[in-house]
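Naming follows writing order (A, B, C and D), and every chain is counted from residue 1.
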Amino acid sequence: MKTSVRTGQITTLLCENSAWKAYVEIGLDPALQGIDVQKIPCSGRVEAGLLLALLERGSAGVLVVGCPKDNCTYLQGSYRAEKRVAVARAALREAGLDENLVRLEFLSSLDSFRLRDAVLDFKRYLDDHSSS
Amino acid sequence: MFPSDAMCVPEGIRFAAARVKAEKLDKLLIAGCAAILHEGYCERISRAAGIPASGIDAVALPARASSAEAARIIRRAHAALELMPRFEIRRVPLSQEVLVVGDGQAGAQTAREIAALGYRTTLIEKDAPAACAAARDMEVLSPATLASLDGRPGAYTARLRTGREGEGQETECVFGAVVIAEGVPGADTRAAPFSPGRVIALSDLEGCFERQPRRDWPRLVAIVLDFCIDEGRASTQAAVHSALAVRERFRRQVTVLLRDARVAARGLEALYDQAREAGVTFVKHAGSPRIRSSREGVVISCRDTVLGEDVEISCGLAAVSVDGLLARADSCLAAAAGIEVDGYGRLQQNNVHLLPELSNRQGVFVIGACRGEAYQPEVLRDARDAAFSVHTLLSQKILKVELSHAVVDGDRCALCLTCVRVCPFKAMRIDEKEKKADCIAESCRRCGICVGECPAKAITLPAYTDAIMMARAGMAERPTIGAVGKR
Amino acid sequence: MSMLTLENLKAGSRLEKVLARGEFALTAELGPPKSADASLIAAKAKILAGSIDAANITDNQTAIVRMSSIAAGLLAMQEGIEPIIQITCRDRNRIAIQSDVLGAYALGVRNILCLTGDHQKFGNHPTAKNVFDMDSVQLIGMLACMRDQKKFACGDEIRNSKKAPVVEPRILIGGAENPFGDPLEFRAIRVAKKVAAGVDFIQTQCIYDMERFEEFMRRVRDRGLHEKVKILAGVTPLKSVGMAKYMRDSVAGLSVPDSIIDRLEKAADKPAEGIRICIEQIQKLREIPGVAGVHIMAIEWEEKVPEIVRGAGLWPRPLVE
Amino acid sequence: MITAVRKPFAEIAGMLAGREKVLLLGCGTCTTVCMAGGEKEVGILASTLRLASRKEGRTVRIDEATIERQCDREFYETVRGRVAEADVVLSMACGVGVQFCGEVFPDTVVFPALNTKFYGATVAQGVWAERCSGCGSCVIADFGGVCPVTRCSKSLLNGPCGGSQNGKCEVDPQSIDCGWQLIYDRMKTLGQLEKLEAVTPLKDWSTGRFGGPGKIVKEDALP
């Protein structure tokens, strides 16, 4: 239990209808090496408890990327994700941690470079803010 | 582990399929370059190898990954794949009967097209007598309404209420698909902002052409679109048409106020240009214009978005498009059919994935004014789209459903109804016998929204359990899991 | 439930006699201080003495702690003011209230106004627990039972022991009504319920919207209630435009018509205009059948009451023995 | 159901100060349904506590369990061992469950993680509103099925006070409907307005909270 919260890998959860497709186009970009990327059916699948559990088990930060809000394949998923990420961030604040360890982005399947930038920006943020 | 040169090419797929068959494998993990991540790759191997796609996973290894790094990636994917259950396929016969609600232009056209494709079609209309006649393979019931729509896509049970209020009767019928093509009620032209002779409905303006002699026409006539909600091409067409008529027949000034000129249709742009050349003024407004009428005339105030300032227009007569007034679709019908409505009360949520004719329920289609499309050529196209979608669905005769839908653990379910309320697709219901929530495999879209909402953590999406997702991230699942002993 | 008569006085207070004689009654409000300073009551009482028939002594009005209304009432009495003790249901249960009524009567109090009481949320102790053991209708019924049946709410006789004499509190019972609360249709029903419970007089919330008040009185008369209960219409002089707007926007159940606000806005001397408006209102109210008097609530402006009373031609007050 | 909301995290953390082994015990009935103390909420709070303690460099063991109901003794059996291992049980049940947990395990410290609010109904997904005060002698038959004791801020039994405006209660016009407007409207719909003209006598409050701690003994249910 001594592991510092920010030593592990970054976990990115990508909605398979948008962000995952964007990722596949740039999948082996060397810049993304060492980042755990997995697809999820919809950002609406994400739940605050899961996000916190990932952090607890050593994830350096969790980035959830879903479809643009009005464009979610499952209609409500991105809205639900927004609320649940907010719950997880509130929990982090309460735990005295940086709420930005969990981040949510919305983008479409064509936004490969935006995805890359989002991941790298998150990585940069975590590197800059990692606890000593 | 089987090494191969190129996994993404047909040889690679054939190689994989051969190994699966030779070794009698039921799961397969493929590691390679990013090409194997593309949509459909696992499905192609699945077809070639004869094992379910859910048992196949592909992971991409970076070109310069160290062997330790590669091993780590493969280990995680392997751990997750180990946890992946094998999904059965259910074969569900599709009813070849179709229900169409509403006998307007959209409904009648759809019903005729569907009947012509050989499906027994029932058209119901709430107002008697129906304008549309019965035909071969097509029954028309009126007055008749849809009281409820339950069950599974492909075999929905509809309760139809026929006959007049109070003396009618209810019948239950099974339909493979449902098309809702209701109109929306017309706006009340006796209520604000209307005022007789001063502020009239745009649809009544044409009536004035014959009745009203030229000397009675005021100097300026205003036509207002998008009064409270954005309108479509139908309104733009009607407005431009009327504006031109007033300009050309009576030589009066005409100002058309609208949020946006919606002219993206054949001939409409040309008509719009013609009106501008004829001297019709177009003012683009934001928000809702204010209309005050008095004995002297009508004053319309609004924000002119082009000038960026508030303007007042005084005219002798204002014609307001009733389509711009908020006229909600039949909320009883929406509730009975389980269709979500948008912010304007239209029977289709504002989401591009639903356009043009899909709804939040599988096998239930919405077209025409009730979904907010009133432009006639579009309505007819909608009708064809709906008929085509019905045919695409029902012509399969048998629906193959992979049983990877959300699963409810009856021991944990507290019957709180959260999943029933949050599922966008009406896939969750309460199983009264088992006393637990239950997911309808045919309706479930495997999004996992219910999983995230369930306060009892009673729902899992078997292909995306916490355990599988944790394994993919290289972690063990939560060490302490609750929920013990129930019912 | 019978109308007040001189032959059959229920409490024998000055207010009762004025009402029984059919005189146009005048009451005002005297708020106890937010301290233990008795001199403040004396000062206010001196202003009001001679101009009114009785003064309401408020009971922790708007849930702000003030000197007890019975104590303040006694101090007012010493200055020659007949008190109408207000009792609310917010802070005391049936035991405490009946005890207070016995004590108040013993000290010479003859008028009590029964109120539900403002919710504690509006006061200076919003975290307090409220009581609301009963509502104002039930409170009226309880006092009527004590006076007329000589029994406590539990049914026991009001006597110290089986051999001791029955000494019941003979109190003139008042109630309040807000003609502008919703639902409008229920307002007359509530008056009827208070009459049925045994109320003798009703004071209303201050009136600016004359039309709605007349509508209320029409409903009261339709039920014949004006023949069973004396109704005193409430008025509050407006000091400023700000006060008028506050009353309109922030006090539940009050509507101040734009015409009044316009008049104040145009006036050079706004307080004087406020007094003029109030006097005109009193004159209008006198014309409404069934209105037996007015209740002047000059909020923190008691010194203007004599001027209003004289301006309205209601001075001098009738003499009763 | 009984509704509750979670206590502020700082208050919970304060209660647990110095404790090293905590069992977070959820309740599978009311507080699951009102989304305050079901398994999901247990998981979120447990993770938050673990992350917080790790941040402070402390080692705190947070165990998680959810049982069907914390107001029935039998359901505790499955967690008996885990309760024994804990320094403290942080109960995510209503106040009934928190206390009963302490009765079942008299040697164990039990803390509440929730603030219990009221008996309420789910009026919309995620919205609960009070409908009953448990007064012990139900009067709603006389009031069109709307409880004046609960729905009126002052529990008035003889009609609305002067603070009823446009159907709202002055105590909080944004969120509280005037209970008496509801009663009036319902009685009007039912054609029973004349029933409201009768004076409702003083209520016997002894049947509920004011009669002291309540107890029900159902003879025919006794063993």
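By our rule, a residue touches a chain if its C-beta (ideal position, glycine included) is under 8 Å from a C-beta of that chain, and two chains touch if they have at least 3 such contacts.
Because the structure is predicted, anything quoted here is derived from the model rather than measured.
Listing every chain that touches chain A and chain B alike gives D.
Averaging Cα coordinates per chain and for the whole protein, the chain whose average falls nearest the overall one is D. More contacting C-beta pairs link the chains of C-D than the other of the two pairs A-D and C-D.
With centres defined as mean CA coordinates, chain C is found 66 Å away from chain A.
Rounded to a whole number, the gap between the C-alpha centres of chain A and chain D is 36 angstrom.
Chain D has its Cα centroid 40 Å from the Cα centroid of chain C.
Not a single residue position of chain C touches two or more of the other chains. Within chain D, contacts with two or more other chains are made by residues 40, 43. Taken residue by residue, chain B touches two or more other chains at 422, 457, 478, whereas all remaining positions touch fewer. Taken as a contact graph, with one node per protein chain and an edge wherever two chains touch, the assembly fits none of the named shapes, being neither a line, a ring, a star nor a complete graph. Taken pair by pair, the chains that touch are A-B, A-D, B-D, C-D.
Contact residues of chain C toward chain D in the complex are 89-90, 94, 116-119, 121-122, 130, 132-138, 141-142, 153, 176-178, 180-183, 185-186, 189-190, 192-193, 196-197, 205, 252-253. The touching residues of chain D, when paired with chain C in their complex, are 153-167, 170-173, 178, 180-181, 184-185, 193, 196-197, 199-203, 205. Taken in their complex, chain A has these residues touching chain D: 1, 5, 47-49, 52-53, 55-56, 87-88, 91-92, 94-97. Touching chain D in their complex are the following residues of chain B: 412, 414-418, 421-422, 454-458, 478, 480-487.
The touching residues of chain D, when paired with chain B in their complex, are 26, 28-29, 32-33, 35, 38-43, 46, 62-68, 75, 77-79, 122, 125.
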